[in-house]
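What follows is a pair of complexes built around chain A, which joins chain B in one and chain C in the other.
Our next item is the complex of A and B:
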């Protein structure tokens, strides 16, 4: 079986991001890393592959030269192949444009005879957190989609996927080919070993960039304005909800709101 | 034993006048002020009569003066995270806590120093330094201790192998003496050869000579790049014997910790995840070395790691796991930081040692300690700072009665300390003596040394009111 994992390089989310004078995030001193949800996706499919005893995992990213290190990280923890896409159309993309770039890139690979039984994406990226790319990609490819997977296993002609729901989880069966977006499973991604990192350093990175991309709409947020915090207000933190409600009513009565 | 006076209503009023609005008495005194985080103590915690939440050096001085004049025992306190009972008010009286003196007073980045109040937490300063591209190197596992507390025990931590201990980062301190006088020791300079270093005498004195209220600390430029490696070993001795080789090779080693199998299992049970894998490449792991290396560039770091890998593999490491992203580094080191917490949360009674020995003796001493556990039929686990020989040892067995446990621990302690002394070690590397280890100190340092310590104590504190029953004056 062949699997494709779409990964994104993001600023380390454990560091507080400050804004430059123009309101754009100051990312100069922040280390770049693979989006956490994408690492969960890679770990999940690596476990499926290990259980099956066969399969090939390719990681794909859209990013500049620095994204090579993200791909090498993936190669050291389970991926067999890595590919990168980058040209002017890829800069400052929003979720819609990104899904179009991925769709066109993957379509070309399919035309060239490649086959992907499952395409995995992180549920969302930790920088922009739109959570749309996986779903949009599935729609364009016409593939079945399962979002928020927390575990999966190969099953007959598809996969059995445990999907996180508001009340817990449910198990869905999905046929190949499909797109699966991955949430946080109850395990952590493996650590790379020194041997696997050294091996990853020598592995080739394929270039899947197309000559041109048709991107229909691309308005991405570039800067933020932090509005001043509202002054006043009062925190109500009573022992339980009932007491908090009573306190809130009492305050509103006192202030003649009620 | 020194006789102290009771805290009368009149004295309480004087203290309230000296520190208006910052004095707790009666039911307002929380039970937490009776102890710190020390485990296995036969002594029943005694609540202090009065707690002063000091806001300034002058307030501390005014209260000290009142207590000295009235022969009231005073126990200084930081965040109460000590592990040798230094903050236990054994004789009741007054506790002066510097917790509310928690301001970072300012950086002087030309001279690479920062001035802080004693109640600033280590975590607060570390984070603030990071945001400026600086680093305050002392890195004890307990990040929520105060910097005043760190100075009082000369706390060390993970980075001691490269950077040394708290002592190496203090330039000047403001101290309130037991008489209530305010003085400064040291100076904000690099070199100081001007008379006896009373500052260094004060560091590690565990609040028995004076109360530190402000500190001027040295900071360094934060390392540009770091990488952490976890090397599991099938044989404990192989792992521990590898550490001196790494140091001798001149590697840019910021930290080198070891974790034994039992401690790793406790970490997995406590955290609910296995950061230290039990089996690697078919090898059952007995011990782990967790290391951080520094470098200025990625290439430099890569070279450093390759040199380290050669030594680790040659020493018998089963494999080497790499934490090169902030998330992985955080996960590995958080697991290391939580070992003590994991240990105390999973056992009901335990004793905990803070022995430090020459690193050349690590492997053999561990064999000796395990032998003691077998001899006394008691459980044993250990982790610590492999790079500086500081071991955090736990002997425990919840199936024993309190009496049986105490008897066995007493025998184990005496034998462990005696052997430690024979091989050139000390009974505390960073937790301090407090009152838990006070009775063992004379055997460690000798009678002459104890007499000198007692003489010094009496020069500073003629009425012996400050932190009674600690370090060189054990209670009878």
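Our next item is the complex of A and C:
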């Protein structure tokens, strides 16, 4: 089996972002890291591979020179190969353009005889949070799509995927090849070992950049605003709606709202 | 920061930092209370390879750059000094063998570490602490074996080690030149351990007696030659003191981090505490001690890399950093005021953890004797 995990390098989301003088996010001083959802995707497929006892995992990113460290980080926690794409077309992309770049890059790899049984993406990136890239990519490739996976296993000629829903989860069976977007599973990604970190430094990074990309124009961010921090609220989630309503009324009575 | 490790090791530093932040720092608070051995944390740390940092590549280890190693030890100690102590004590035992052991012993010790076990260095006895030459443990040659008898005390990793480096007298009446060092594997008949000590600090580390009762070991387990035990122990401690200095620097840095965070939040007389110059000077003094400790340790690493003697410098670094850790932890409590004295806040533990650094691996007084001896001469 061959798996592809699309990863994005993002600013560390545990740091508060401020706007600089021209009103755009000041990201200079914020460390770059692999998008958390992409690390969940890599961990999930690494576990599938370990259980199956075979399979090759390639990580792909669209990013500049700094993105190499994101790929090396992936190589130290399960990925076997890494590829990077970068040219002028890749700068200032939105979700639509990104899915086009990924689609054209992956199509070329498929033409060249590569095969991916599953392509995994994080559910969304922690910086722009559009959550569109995986779905758009599946649409373009004509692959089956499962979003919000929290666990998966190889099953017959495809995968059994547990998908997160509003109130819990459901299990879907999906045939190969497919695109799966991954949410937070009930485990954390593994830590790299010092040894795997050192080994990852020496691994080659392939260049999958095409000579040119056809990227259509789409909405682009024109201004940014930092919203005030949301005050901690109260979550009401009782057994059923009637109980939830009762609880809500009880709280309002206690706080003298009613 | 004084540790100018190779830039390519930055990723190791970041990984270990993240691991210590997420898996060690908060978790160890609970184990500090109970005194239990946090086996899950140690298992995870060993999965990561933190016990193989100093092991030479030829013996299956990582053989990290010395300065990188020091920086990582500081990170580990900043998260929990007991956690770092377990690995430092293991390193002591390993280094005794790397310094003077046979090829065979080096392979055996490193193999045991690779199996995710600790080493323990057993020099101290109830009546022989700083005066190690007063040890009463004896080793008697009997054909192809040595038979060891005696009782070692305050042995870090005593109850959890896979192998021990034990010093014992092979010749009486000649003082320290009658001392020899031996490699003893856990499980050897005649080797047992006493009850775990209930300590003031570094409570996530294991400390107990190691008892040798007609413990028979093969003669090839002798490290170096007969009579070299004291010399080996002193060389081993020279190395250990550098790691101690880094661990103590970790406590100083943690004292700074906790103090700054608190002093920025806490309002008194209408402004954050940190805005008081008297208090900011405390932070500056702590930072001076942290950075100086690092520079002293890094200098030792540079001397080691050049194969130059570093006994005096290691003793200086250890004494300075240990005293610095006590100073910084105490000042951190002062900055926290009454809250600093309460278990629920993070700084009283730092003071309890810091104290041992003035005692183990050569008290600060012994370190000063080493320094004075080197400076004054005969």
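Criterion: the second predicted complex is superposed on the first by the 220 of 258 C-alpha atoms of A that agree within 3 Å, B and C clash if a C-alpha of one lies under 4 Å from a C-alpha of the other, contacts with A are read in each partner's own complex, and residues count from 1 in each chain.
As a working rule, a contact is a pair of C-beta atoms (placed from the backbone, for glycine too) under 8 Å apart; a residue touches a chain by one contact, two chains touch by 3 or more.
None of these values were measured; they are calculated from a predicted model.
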item	value
Superposed partners chain B and chain C on chain A - clash or fit	clash
Touched partner set for A:73, first chain B, second chain C, both or neither	both
Most chain A residues touched (candidates chain B, chain C)	B
Touched partner set for A:195, first chain B, second chain C, both or neither	both
First, second, both or neither for A:187, with chain B first and chain C second	first
Touching partner for A:21 - first (chain B), second (chain C), both, neither	neither
Chain A residues contacted in one complex by chain B, in the other by chain C	73, 76, 191-195, 197
Contact set on chain C toward chain A in their complex	8, 11-12, 15-16, 18-19, 23, 44, 47-50, 52-53, 62, 64
Contact set on chain A toward chain C in their complex	69, 72-73, 76, 191-195, 197-198, 201
Chain B - residues contacting chain A, complex	131, 133, 229-230, 273, 305, 309, 319-328, 330-332
For the chain A and chain B complex, residues of the former touching the latter	12, 14-16, 29, 31, 33-34, 36, 73, 76, 187-188, 191-195, 197
